[in-house]
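Presented below are the structures under discussion, each in the form of C-alpha cells.
Across the two complexes that follow, chain A remains constant while its partner is chain B and subsequently chain C.
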Partner chain A sequence: MTPIILLDTLLAIILLVLAVVALHSENLRQSIFVFIVFGLVTALVWARLGAPDVALAEAAIGSGIAGALLLAALRDRQPGCEHIEPRPSWQVLTVTYLVIGVGLTASWAFLDAQASRSGPAIGEMVQAELAHSGVSNPVTAVLLNFRAYDTLLELAVLFAALIGVMALGPERSAPQAAGPLVSHFVAWLTPLLILAAGYLLWVGAHAPGGAFQAGALLAAGGIIVRLSGKSGIFPKGAWLRVLAASGYGVFLFVGLAVMAGDNAFLQYPSDWAGSLILLIEIFATLSIAASLLLVYLGGYPNAWMEDKESQHA
Partner chain B sequence: MIDLLSIFLIAGGLFFYCAGTVGLLRLPDTLSRLHAVTKADNLGLGLLALGIALQIGDPLSAVKVLLIWLLVLAASAAGGQLIAQHVVEQKEETK
Partner chain C sequence: MLDASTLYGLLGIFLASLGLHATILQRDILRRILAINILGVGVFLVFIATAYNGPGVAPDAVPHALVLTGIVVAVAATALALALQRRLEMLRRESDDE
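Moving on to the complex of A and B:
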C-alpha cells in the first residue's frame, strides 16, 4: 500500500468511528463535540477527494456554524436533559447498520454501472461552456450560471427557514461575559474573519471559494462579536432582516431583469455574466451571513446587546 | 541539510503532540489537563509548522504556514482561558 492510500483509509475509518460515537454517545454535549470533529474530518475527506469548494463549505457551515447552533440549542434545554433515554436495543442497531451497509453497497454498484455507461460526461460539458459563464472556476460557473436556478432555490430555502425561526424561535438568554482575554481575541480575530470572507467571495470567480463559504465566515464573526455583548460593525435591528432577505431578492431581481433582453429567466447575457455573478454573490454572502447570525440569535436581531441589557436592569 | 532539519523539527513536533495527548489522558483534573494540552500542543504545532515551512520552496507560502500557527496560538490561549474560567466558576459555586 502506498502511504497516501494508508492516509485515506485512516481518514475513512476515523470518519466512521466518529459517526458511530456521535450517534451513540450517552451524553448530548459529547455528541455535539464529536459531531463538530466529524465535520472537520469530513472537510479533510472532501479535500482529499479533490473537492476543495465542498471542503471549505463543510468546515465553515457543517462544522463551525452547525456546531455553534447545536451548542446554543443544548444550552437552551432544561437542566438535566443531557441524557437521552431510552437507547435502542442492540438488535435494532445491528439491523440498522446492516441495512445501511447493504444500501451503500447497492448504491455504489448502481453508480458504478451508471458511470460505465457511455454518454457525455457532465464535467466535459461544463469545461466546454466555461468560457461563456463569466467566471473561470467551474464550481462557481455551475452554481451561479448553469444551474443558477438551484442556487436561487437554496437561498429561498434558507430564507424560509429563517422566517420559521423568527416566527417560532424562543428568546435565548444572554451568554455569560467571557472575560478580557477573549474580548481582545475577538477584537483581533473579527477583522481577520471579515478579510478572509471578502477574499473567499472574490476568489470564488477563479478558484475554490464563494458566497456560502464567505457568508459562513462572516456569520461566525457576527456570532462571536454578539457573544461578547456588542454588535460592532455588524448590522442590527431591521437592517439585519433586510440584509437577510437581500440575497434572495437581488438574485430574483437579476433573474427577472435579464428577461428584458431576449433572454430566458436567469440566462445572463455573456458580456455581463461576470459582473452579474459578482453582484449576486456579494448580496448572497451578506444575506447568508445575516441569516445564519439571525438563526443563531433565535430570530431576535437585537438579542444580547449590552445596551438592551441595561434597559432591562 | 534542510531535509534533515525538517525531519528533526517535525519529529520534535510529534513528540510534543504525544506528550500533550498523554497529559490529556492521564492527568487527574481539568485544569492540569488543560495545562498539558495548551503548552505541549502549541509547541508541537509550532515545530511542525517550522518543519513544513522549510519544505515549501515559496517563501510567501512558508510565511502563511507560520501565520496560521500564530492564529492557532491566539485561539488556543483564548479558548484555554475560557475553559479554565468556567472550571473556576463551577468550583466557586459548589463551595
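Moving on to the complex of A and C:
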C-alpha cells in the first residue's frame, strides 16, 4: 500500500480539468492545445508511477506527434463547417446514463481485481528470465523478446495505417519558408534531435528508451524541418517508402531466420539476442520515423509523382 | 484507505468514461478523434496503475510494454482517421461545388 501524496491529488485534479476543457471547449484550436498539455501532464503521471519508458513515448508520440497531426488537420479545414446543431436532450441523457453505468461497472471490476490480486506473477517471470533476453531493461526485453509478436504486429499496424493514409490522396500543401530566426533555430535543433534519438535507441537496452521513443524524436525533427519549409533534405521517392517498410521487413526476416537453427519463430538464440534486438531496433527506429513523417504529410508526397513523370519523359 | 495505484486506476476509468461520452455525443469528427485519444489515455492509465507496486519496488514490465505498443497504435489510428476525415471534407466540398 502506497499512501497518496499531495502530488497525486494535484496531478489527478489537473488531468481531470484538462480533459474536460479539451473535450468541451467551444474553440477547437483551444481544445487541441489543451489536449497537448494533457498529454504532457500524463507523461508526468507515468513518471510518478515508475514507467519512464511510457512517459518518454507519451511526451513524444501521444502528445507531440498526435498534437501535430490534429493541428495540421485543423489547418486544412475550411471555415464555416463548425456550426452543428446540438443533439436533442434525450440522446444526451441516455448516453450519459449508459456511460455512467459502464464507468461504475468498470470501477467495481477494477477494485475487485485490486483486492484479490496476489502479487505480480508475470512481472516476476520477466525479472527471472531477464538474463536470457539479451538486454537489461525489462520493458525492452518484453517488447523485443518475450512478447516480440506484439511489437511485430504493431509495426504491421503502423505500416497498414501508412498505406491507408497514402491511398487517400496527395500530401497537404507545404508551408511557406520560415523567416531567418526560425530557420536558424531549426538548424540548431535538428542535429540535437538526431543525436538524442541515437542516444535513446542505444540506451534502450539497459535504461528507459528504445526504438519507439527514438523514432518519434526523429519524426519530430522531420516535422519541424517540414514546418520550416525546407523539406528538400528528406530522402525522396522510393527510399522513404523502403525505409518505412524496413522495420516490419527486418523484424519478420530476423524472426524467420532464427528458425533455421531449430528455434521457434522469433525465438532468438541466447548468445545472439542482444545483437539481433539492436538490429531490429535500428530499423524499427528509422521505419517509425519515416512512417510518422509520411502520415504527417497527410498523403503520398508530390515528389513521388514528379519522380514518375520524369521517368516517363 | 486509498492507495496511489487505486487512485490512478479510478482516475483512468473516469477519464475513459469522459472520453467515451464525448466520442458518442460530439458531432464534429475532429473532436471525436480527440475524444477517442482521451479515452485511450484513460485505458492506459488503468494498465499502468495495476503495474505499480509502490516506491522502490520494480513495477510489472508487461503492462508497460503493452501501453507503449498501445500509444503507437493509437497514433497510427489517429493519423488514418484524420486522413479519412480530410478526404471526406474534400468530397463534400466537391459535391457542394457542383
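What we mean here is this: the second predicted complex is superposed on the first by the 255 of 313 C-alpha atoms of A that agree within 3 Å, B and C clash if a C-alpha of one lies under 4 Å from a C-alpha of the other, contacts with A are read in each partner's own complex, and residues count from 1 in each chain.
As a working rule, a residue touches a chain if its C-beta (ideal position, glycine included) is under 8 Å from a C-beta of that chain, and two chains touch if they have at least 3 such contacts.
Quick caveat, the model's predicted, so the values are computed rather than measured.
Participant: So in the superposed three-chain picture, is A:Ala178 touching just chain B, just chain C, both, or none of them (first/second/both/neither)?
Facilitator: The first partner, chain B, only.
Participant: Mind working out whether A:Trp188 is in touch with chain B, chain C, both or neither, as first, second, both or neither?
Facilitator: Once the two structures are laid over each other on A, A:Trp188 reaches chain B alone.
Participant: Using the superposition described at the top, determine whether chain B or chain C touches more residues of chain A.
Facilitator: Comparing touch counts on chain A for chain B and chain C gives C.
Participant: State whether A:Val142 touches chain B only (first), chain C only (second), both chains, or neither.
Facilitator: second
Participant: Following superposition on chain A, which residues of chain A contact chain B and also contact chain C?
Facilitator: none
Participant: In the complex, go through chain C and note every residue touching chain A.
Facilitator: Contact set of chain C toward chain A: 1-11, 13-22, 24-28, 30-31, 33-35, 37-38, 41, 44-46, 48-55, 58-62, 64-69, 71-80, 82-87, 89-90, 93.
Participant: If we count contacts the way the header does, which residues on chain A are in touch with chain C in the complex?
Facilitator: Going by the criterion above, the answer is residues 1-5, 8, 12, 15-16, 19-20, 22-24, 28, 31-32, 35, 38-39, 42, 45-46, 48-51, 53-54, 57-58, 61-62, 65-66, 69-70, 72-74, 76-78, 81-82, 84, 87, 91-92, 95-96, 99-100, 102-103, 106-107, 110-111, 113-114, 117, 120, 122-123, 126-127, 138-139, 141-143, 147, 150-151, 154, 157-158, 160-162, 164-165, 168-169, 172, 210, 212, 288, 291-292, 295-296, 298-299.
Participant: Chain A touches which residues of chain B in the complex?
Facilitator: Contact set of chain B toward chain A: 71, 74-75, 77-78, 81-82, 85.
Participant: Could you pull out which chain A residues touch chain B in their complex?
Facilitator: Spelled out, the residues of chain A in touch with chain B are 178-179, 181-182, 185, 188-189, 192.
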